[in-house]
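Some structures are shown below for you to check.
Consider the two complexes below, in which chain A is the common component and chain B and chain C are the respective partners.
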Partner chain A sequence: MTRRETEFLVVGSGAGGATTAAVLAEAGRRVTVVEEGPWVDPDAEDAPEPFSLQEMAVKYRHHGSSAALGNPPVAYAEGRCVGGSTEINSGLWHRLPAEVAAAWRSDYAIDGFDQHQIDAWADRVESRLTVSRVPGAPPLSSALLERGAAKLGWRSVELPRVVAYDGGGRATKQTMARTLLPRAIVAGAHLEAACRVVRLLRRGDRVTGAVARRRRPDGTVEDLEIDAEHVVVCGGAIQTPALLQRSGIRHRIGRGLKLHPTIKIAARFPHPVDHEDVPIQRVTEFVPELAIGGSASRPGHVGLALADSGADIADVGAALADWERVFVYYASIRSDASGLVLAVPGLRSPLVTYRLTDGDLSRLARGLVLLGELLLAAGATELYPSVTGAEVVRRPEELASWWGSVDRSRTNLMTVHLTSTVGMGEDRDRTGADSYGRVWGVRNLTVNDASLLPDAPGVNPQATIMTIALRNAEHLLSRP
Partner chain B sequence: MSDLAAPRSAIVTGAAGWLGQNLVRALAPERDHVRALVLNDEEAPLVELAGANVEVVLGDVRDPTALDRLFDGDDGDGATVFHAGAVIHPAHRVRELFDVNVGGTQLVLDRARRAGAHRFVHVSSNSPFGLNRDPGDRFTEASAPDPYLAYGRSKFEAEALVRRAQDRGDLATVIVRPPWFYGPCQPERQTRWFRAVRRGRFPLVGDGRNRRSMVYTGNLVHGLLRAEVAAVAAGRAYWIADPEPYEMRTVLATVRAALEAEGLAVSGGQPRLPRLAGRVAERLDVVAQALGHYVQPAHVLGELKETIACDVSLARAELGYAPATTLYDGMRASIRWCLERGQAL
Partner chain C sequence: MATTTTPHSARRAGWVASPAVLGFEREVVGALAAGADDRRRAAIDAWVDGSLSDMPEVLRAGVAAESVVLGAWWRIGRRRRDLSGFVAGLSRSRLGPLRQYARLFRSLVLFAELEP
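Our next item is the complex of A and B:
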């Protein structure tokens, strides 16, 4: 057992952990960041292509194939690498809608969460990253969404992204590995990759540090005991509650999991569509219950989406051979349901369950029909929904058949947005942490990631996670 | 109170329903053109008889192309849309409530906006507001929502979509909230109810002093037509019911009196069930709905013991709503309608 010592131990290096580490280190505090996943240099010659299957194998937990159990189950993806999910997501930047913030403030009694304060934190987060719009015309996959929405009179917006563009229009996503983690390291933070925290060490109402296991570059493992004056857990909405539970901390921890269940359509067009990037156009007509946008559509994604339709093998084969004209779009919903994350002794991964309500399934069916209408209006000629055995739609009069197809046994759902397994606010009956993420009952333990969002935001959550993380990290500095 | 001119055309969803048939019959003599959405061929004659200017469109509110046909042509432009299509008692599964009541409303709203409709008059319900907290309470337009089970949630979500369409700025909407109807064109379940009351088989749950607002279909149609034209109504919601709520024991006594007045002898006494029976039924209903099932007798019995009462003052003041038909007269009209169709009561 190797012993280490630090002032602040930050567990996790994604949107929450990197923000926390940068704030603390730049304030002159001694910081150690431990990250379970590997360091993958995003700018190396042999770095995996963004949104490729190779990238999934390297940077995703379980190679991208985790699932929340339920009827139907919901497949989900989490980043597991230095930088966390910011390394693999689309980087779409959507501030927390004001009406959602107002509801959280009153429903969960969150202190210091007035709109003007949130706006000020969000401004500062954006000034630390580069949040920009695509220069010039958007790619065709994006323009098709805009075209369909315009034909139907639906509102849509082009979202900014955490991306820097050079003079030639070349995009570099501003992931944590490229931005806040280097800043933290320059300010003196120590980063330990491939190092999994097994459990936190506790004495009375305090934590004293953590037990971790590090995989050395040569493949051997080393057990570490890291003493810390304060621990900040930023492992994301699945790993954070699991670690707290393994450490015996259970009050309102792991309950209330929220996600945005997402249903997809692989749409075939009479012309080629770009496949390098993710569309930046978002249909906001039905927000917050329903959002419509475009997914990563590399050949692998196109193949998976076509397979999810369970359509006739000849049809799927023909569409797959024509993959350059196929693109994957989605409808995601705000769900009435909530799920559970439960650490099971002896198992490395927690059990995750989520039971969709009838209202949720109906909303997904509605999303599928509306998305289908939009894609046909945009000129698509064949629609393969991610519902096994559902009709492949070629004409508008076939769309209504999908209401009956979207059921519990045939619907293939996924999500990349997982939140709310701790929750913050002063209402102790409904939250696992106070208004600034300090875990109830443990004086020097803070959570600072997606788990704190008291509910699903209905939009891409990265901006909200980082805004709250910056706010809470600075508040942590001001605490005695 | 200023009125807009009523458009020459109207579009009605749920036209073959209990309310829809009454509405189409009231509109047909007054308008140039009424387009009526009905589910299938069997339902079409119920609406076509209302007048030669009634055009039936077959289809489901969940089918975008059926709605395209409903709004096809010049009639959609400037017409009033009365959205009366909904499911109250699903055949089996709770899911249908959400698909039709929420999904259907979204699609109809979307067409109405694109067609440039004069107004979207949305038929909601008491159930987004649940049950009154105490026996003397009445719902007003200021009451907080508290949806009662899946039907209540579906109608609550639908109201939210209507409000959002209004906020979008290019469609004027009015939400009308009727409670339990009675009146002509009633569905089979209401005929069974008359039969049970006549034979002394329909129970009072508890002491029967709990109050229920009800609305005669003629009064409701009058309310909808006022909502269509009252200038101040855009973007607002109104309770539309008979002037005062009734005690449940009064409702049953009035139906028995109305049956006798129409020459139908009433047999048996008034059976009573303890409130506990209503509570057991309510639990059964809650459990069944949580599993996705809908059991109509449990739902109805569970609700009978409760107070569901509303106040129509705002509709009187802002819409000029003036309900004229009494419970006794309305029940007699309803009974006569059954007898004229040879239905055995």
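Our next item is the complex of A and C:
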């Protein structure tokens, strides 16, 4: 057993962990960041292509194949590499809607969460990253959303992204591996990749460090014990509660999982559509209850979306042969259901469940029909919904058939937004941590990631996660 | 300071390792990837193997159990239809676990077939 010592141990290097590490290291504190996944240089010549098989094998947990059990199950994906999910997401930047922040503040009794404070932290996060809009005209996959929304009189916006554009318009996503982690390292932080924290070590009402296993480049595994004066867990909404539970910390931990259930349509157009990137346009007419946007649509994604429709194999084959004219769009809802993350002794991965309500299914059906309406207005000629056996729709009057199709036995759902398995606020009966992420009952243990969000925000959560992480990291520095 | 080194034969730190790809699962992949050339087929097999062995243990155990039951069921009735038809029937089932089983394998094969 190798022993190490640090002042602050940050577990996880994604949006929350990288923000925390940069704040602490730049304040002159001794910081060690431990990341379970590997370091994958995003600028290396042989870096995996976005959404390719290689990228999914290297950067995604479980090769991207995981699901919250329920009826229906909800497939989900998490990053597992240095930089976490910021390395694999679309980098879309959407600040927390003011009405959601106000509801969280009052419902969960969150101190220091006024709108002007949130805006100030968001400004500061954005100043540390490059948050920008596409220079010039948006790609066609985005313009189609805008066109459909305009025809229907719905609001839509081009979202900024955490992306830097060079003079030629070439985009470089500002992931944590390119931005805050290098800043933290320059400021003296130590990063340990391929190192999984097995459990936290406790003494009384304090944590004293962690036991971890590091995978060496030669494939052998080294056991580490890291002594720390303070531990900040930033493993995301699935791994953070699992680690806390494995460490014997269970009060309100792992309950209340929230996600954005997402239903998709593969839309065929009479013309080719760009497939290089994720659309930046969002239909905000129904936000935060319902968001409409576009997904990654490489050939594999188009194939999966078509297959999820359960359409006749000949139809699917014809659409697949024409994949350059097919693009995948989605509708995601704010769900009133919740789920559970439960660490099971002896198993590496926690059990994850999510029970959609009848109301959620109704909202998903509405989202599907509205999305279909929009895509037909945008010029789509064929719509394949991710509902097994649902009709392939070609005309607006056929959309009504989808209302009855979205049921528990046929609907294929996914999500990439998972939150709320710890929850922050002063209401101890409803939260696992205080208003600044300090875990109830453990004086020097903080959570600072998506787990803290008391509810699903209804928008891409990265901006909210980083804003709250900056706020909490600075509060941590101010504690005695 | 002492260092303990253990072989990295299994990536899993838990007590329970995911089962390897089962015979029936291999047959299902073969049936779904029937049109693939040898090189693509090898890539598909590698992707499916990696995905199944990297799955959360709870999910993998469920899939493996289904494979055992479905494998036996198919062998009993194999004279009636081919395996790809059997899987297509599962994908239309009203029983969620059967439908999700077919969806899983079809998704894994299709994704590997279409992606470089």
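The criterion applied here is as follows: the second predicted complex is superposed on the first by the 479 of 480 C-alpha atoms of A that agree within 3 Å, B and C clash if a C-alpha of one lies under 4 Å from a C-alpha of the other, contacts with A are read in each partner's own complex, and residues count from 1 in each chain.
Operating definition for what follows: a contact is a pair of C-beta atoms (placed from the backbone, for glycine too) under 8 Å apart; a residue touches a chain by one contact, two chains touch by 3 or more.
What you see is a predicted model, and the numbers here were worked out from it, not measured in a lab.
> Following superposition onto chain A, is the placement of chain B relative to chain C best described as a clash or a fit?
Overlaying the two complexes on chain A (C-alpha atoms) leaves chain C and chain B fitting together cleanly.
> So in the superposed three-chain picture, is A:D166 touching just chain B, just chain C, both, or none of them (first/second/both/neither)?
After superposition on chain A, A:D166 lies in contact with neither partner.
> Any idea whether chain B or chain C touches more of chain A?
Chain A has more residues touched by C than by the other partner.
> Rounding to a multiple of 10°, what is the angle at chain A's Cα centre between the Cα centres of chain B and chain C in the superposition?
About 100 degrees, rounded to the nearest 10.
> For A:G310, decide between first (touching chain B), second (touching chain C), both and neither.
The answer is second: A:G310 touches chain C but not chain B.
> Would you check which partner chain A:V198 touches, where first means chain B only, second means chain C only, and both and neither mean what they say?
Second partner only, chain C.
> After lining up the shared chain so the two structures overlap, which partner does A:E373 touch, if you call chain B first and chain C second: first, second, both or neither?
first
> Would you sort A:S52 into first (chain B), second (chain C), both or neither based on which partner it touches?
In the superposition, A:S52 contacts chain C only.
> Can you give the closest approach of chain B to chain C, taken over C-alpha atoms and in whole Å, for the superposition?
17
> Would you please give the residues of chain A that touch chain B in one complex and also touch chain C in the other complex?
In chain A, nothing is touched by chain B and also by chain C.
> Given the complex with chain B, which residues does chain A contribute to the contact?
The touching residues are 152-153, 155, 286, 289, 358-359, 361-363, 365-366, 369-370, 373, 396-397, 399-400, 403.
> Quick check on the complex: what are the chain B residues that touch chain A?
Those in contact with chain A are residues 60, 62-66, 68, 93-95, 97-99, 102-103, 106-107, 110, 113-114, 150, 153-154, 157, 168, 292.
> Considering only the defined contacts, which chain C positions touch chain A in the complex?
Against chain A, chain C makes touches at 1-8, 12-16, 43, 47, 50-51, 54-59, 88, 91-92, 94-96, 99-100, 103-104, 106-108, 110-116.
> So in the complex, the part of chain A that touches chain C is made up of which residues?
1-3, 49, 51-53, 57, 62-67, 69, 71-73, 196, 198, 213, 215, 219-223, 298-300, 302-304, 307-308, 310, 313, 320, 323, 344, 346-352, 388-389, 408-410, 412
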